[in-house]
Amino acid sequence: MPHKTFLAFIWPSLLAMILFIALPIVSVGYQSLFIEHEQILIESETCGPFGCDTEVSVDAAAMAELREAQPAGRFTGLGTYTNASHLAFDEIGEIFATSENFGEIRNRIMNLPFYKALIFTLAYTFIVTPLVIILGFAIALVVNSIPRLLKGPVIFFSLLPMLVTPLVGSLVLYWMIDSRGIIGAALQALFSDPTLSLKASPTLTWITLFVYGVWHSAPFAFVVFYAGLQTVPQDTLESAMVDGASRWERVRFVIVPYLMPLATFIALMQLMDNFRVFEPIIGFSAAASATSLSYLIYNDLRASESPLFGSAAATSLLTILGVIILLLPVLRRNWREFNRKT
Amino acid sequence: MNLRVKATVAAGALIASAGGAWADCGIESGSVRILSNDFPALSAVNTRAAECASGTVEVTANQTTEHRNIQVPALSANPATYTVAVIATSSIVPLLSDDLVRPLDGYIEKWGDQLLDSQKIVIDGKTMAIAFMANAQHLYYREDVLAEHGIEVPQTYDELFAAAEKLQQAGWEYPLSSNFMPGWNLAAEFINLYLGTGNRFFEPGSANLAIDNEDGLAVLETMKKMTEYMSPDYITYDSNAQTPIWEAGEVALSIAWGSRAGNYIGADAPDRAIADSTAFAAAPTLGDSTTPTAALWWDGFTIAKNISDEDAEASFRAMMHGIAPEVLEGNMDKAVWLIDGFVPTRAADGVMANLKGKAKPYPMLPYIGLLHVALGDNLSEYLQGNESAEQALADVKAAYTTAATEAGFLN
Amino acid sequence: MSNLRDKKPPSLVALSTGFVLVWLVIAAFPFLWTMWGSFKVEADFFSRADWMNAITGPVTERQHGSPFTGAGYEGAWVEQEFWRAVVNTAIVTFSVVVISLTLGTLGGYALARSGFKYTFWLLMAALVFRAMPHVTLVSGYLLPFFQLNIWGYLPTTIIVLVAINQPFTLWMLHSFFLSIPKDLDEAAMVDGCTRFQAFRLAIIPVMWPGVVTTGLFSFLLAYNDFTVTSMLLTQENATMIPKINSFLGSTQEEGKVMYAVAAVVSAIVPLFVLILFFQRQIVSGLTAGAVKG
């Protein structure tokens, strides 16, 4: 396809992505290299409904002048990336220098916010992604073999975990897993442990989040695989049957290889989405036991009235970097395939 | 693209005014655009402000819980997208720091006769905002349960723990509840208690954190002791999670927001007996101090800087109509109003008791928000028994220092 | 595949039927539970006394004289005017799906057919774009949008959602176009068609499985989005999810949780009817055009 035709086809899509994603990423990257100007503080008498006090406030006029001269703030280079809230180079050095054994090193590193979040993020990504793919594939295979008449309702019901907005989906599930809710009570009866609380224990909270993640994303893998199954060439399957391949062998040697590109695609998307896990943490009020990188970003931007844009920018770029590292194996595969294709 | 909806009120919540009579607010012309949080008391104010709409005066309101995230960019634009920002103690700070709101003294002189002096938020001699509501956390208790067990209403934390102990021995598994969900809620509890000690959060005149002292440790120990009387799920409790537990009669003592008190005792409460015996008192005091351990909050409004003087004037006068004493009619129980003529209802008992006990206001400092976030993220490990109180305070300090350095408050 | 199914041993049929049933229960139970509970009062659906109350509804019976009540629906639709949010959501999702798919099919087709190295790097760039957390992007949009006075309107949100969704749409459609044999459109071009005519005549008729699937996900993204819509829309333009969120309460206000539950159910039931009504089209959309290799 000539360059000109290619451009003619892709420019609207490209323009939208450049304007709303690429430019913001560049500006976020630039922003992450700066911190706010040194604040000029003044003390003054502040009075309100509850009395007067001498309080510190920012000299807004003087700050406006500083920002006029240098709108982005003070340059720190990679300072924000290496500070205690992110990669914490100094703290890690100190931990290695003063800790006595491996256990202490691990505990102290796990106490650093970024690494604590990273561990959960990675655990979530690597546990949820494969389970989603396997479960989605199994559902697709089975649904594909049920009578045609039932397919519509079955597909619809299978999509429900995606259709119910996470906001309310997690609210209802959150209630169900409460020790007074149906699932929580059932689990207590099952393990005959009346003090079992899925909310209080960190381990159980993690497991709850993993299960929710698989439940919520499995329909995605299912639909993609199901659509893919429709395009499996029938004659290949039939010739495999003629050759005496068992049902299992046909799945193993015909269907799986044929659906491999789709599996790669699902893996790409799921790795990425799971690496940015955020909504379940809020929905299940799980922040005490589990934080993720996206949660840190959200916290920087929304938790306080004055957002820390530089810090959020740095975490965002580290998230992108993490995604790229995660996807490298998949991408290398794609690259080889791409070269073979051309 | 600016949709001008003349003399109509666009926001769904304000449709009510369409049926009512147009008030004569004396405004000749201008545009009033209100950005506020979304709860009934503010709807009442906005609805009244919308009565000022006429052929030449446009009044719109956007009520959203995201207000504090959009207020700074919205008021930074020139002209500002909103002329009025309804704010609270903490959310006014970024507007002041970025110089986005205008002094109101000139307007007060001409049209502000109705205001009490205590409603004016005066900073360095200039009135920057007008407050009209107050809020704070305080003690909720079950009159019948305390009477049955011969317990006086706890006034100090020691008494609170004694009461909880007694109830626990009498068979109440977890008699106490409080907003201990990590993040904003948990930090608010720490700040409440620490304010009650009378100690300073920061070194005078600077942004250096000063909470790693005996009082800071005492506050943490108190919080930990509270968890002993709370369900292990306390780590997920916010206002929404606490209410059903109270309404199910599972707890008899609670520290919760005054703004929720009306619901607990209101006509819609599911269990009449529990609702009727629910009563409110000041937040308990800590140690030798006599100050209730509660941060006092106010809600008020500011007028944007980047708008025409005509719009600013119209906005101020519309808001004066909005918070005129007449707004109290039928809305007395919706809030603890700071407006002249407010008669406290039973739901206001707790907040009024806090006020009487001279509780401290939530600090209006430019860097308190950063401390609030740092506290919210770093206390739960200590409460769950995974680290020491000293370590928790050290973690808070590290997180705060990093954030305050980035924000330019520390070097 | 009917000939394959006929030979299935009974044990396998039982196993797969069992699996489907278990899956359906896991997938649908929380929703069915919610649907049933939406006709109860909060004290029953979220009962702390006994979860059986959510099924039997004793408090509902006491308060409304019957174990079922439409109070949640009435509150959401009449009192809180939920229909406005539904209309806004319909506009947003419809526009996002149509625009996303139009841009995505064109772009995805070009990416699948062009052999140059830059297509690979473009796809990689799209992946990086997709890795960007949305909350960071949205915070960055606010100031420019306010300055340009385009904040708060539906078209702005639609364009943002389309752009955010573009990397995914491109990837997905690109994969589907790769599975359509090149001979198909190249033959058309040999016959004298331009590239665009070939796309229209040879590709569009066979691309529907991919488009339907991708469209489904575009729909879900726009329909379920909270991060973007809650920050970029005014109260009057709010879509369903931010509206439902506003029912959940805050420090100042007790949540009207049953309104939220009723709103969620009433937002999904029409989809169910729609899917049942169009199930033939959807299933055959997913099935038809299956390329015979």
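A few points about this structure:
As written, the chains take the letters A, B and C, and residue 1 is the first residue of each chain.
Here is the rule we go by: contacts are C-beta pairs under 8 Å (C-beta built on N, C-alpha and C of every residue); 3 or more make two chains touch, one makes a residue touch a chain.
None of these values were measured; they are calculated from a predicted model.
For the criterion of most C-beta pairs in contact, the winning chain pair is A-C.
Taking the mean of C-alpha positions as each chain's centre, the chain lying farthest from the centre of subunit C is B. Taking the mean of the C-alpha atoms as each chain's centre, subunit A and subunit C sit 18 Å apart.
Spacing of subunit A relative to subunit B, judged by their CA centroids, is 32 angstrom. Subunit B and subunit C have CA centres that are 37 Å apart. In subunit B, the positions touching at least two other chains are 69, 238.
Shared contact sites, meaning residues of subunit A that touch two or more other chains, fall at 301-302, 307.
For subunit C, residues touching at least two other chains, in rising order: 46, 48-49, 139, 245, 248, 257. Across the interface of their complex, subunit A is touched by residues 68-69, 89-91, 93-94, 96-99, 118-125, 131, 134, 181-184, 202, 205-207, 232-233, 235-236, 238, 241, 296, 298, 338, 355, 359-361, 363-366, 369-370, 372-373, 376-377, 380-381, 384, 387, 391, 395, 398-399, 401-403, 405-409, 411 of subunit B.
Within the complex, the subunit A residues that touch subunit B are 35-39, 41-51, 53, 55-58, 60-61, 63-64, 73-74, 80, 83-85, 91, 111, 113, 178-179, 195, 197, 199-200, 202, 284-289, 291, 299, 301-308, 310-311. Contact residues on subunit B toward subunit C in their complex (touch as defined above): 1-3, 10-13, 37-41, 61-66, 69-70, 73-74, 76-78, 81, 135, 238-240, 243-245, 247-248, 250, 257, 259-260, 263, 270.
Residues 41-43, 46, 48-49, 59, 80-81, 84, 139, 142-143, 145-147, 149-153, 230-231, 234-236, 238, 242, 245-246, 248-255, 257 of subunit C are the ones that touch subunit B when the two sit in their complex.
Residues 1, 4-5, 8, 12, 16-17, 19-20, 23-24, 26-28, 30-31, 33-34, 37, 46-51, 54, 102-104, 106-107, 109-111, 113-116, 119-120, 122-133, 135-137, 139-141, 159-160, 162-164, 166-168, 170-172, 175, 178-179, 195-196, 199, 209-210, 212-213, 216-217, 220, 223-224, 226, 240-241, 244-245, 248, 257, 260-261, 264, 268, 271-272, 275-276, 279-280, 282-283, 286-287, 290-293 of subunit C touch subunit A in their complex.
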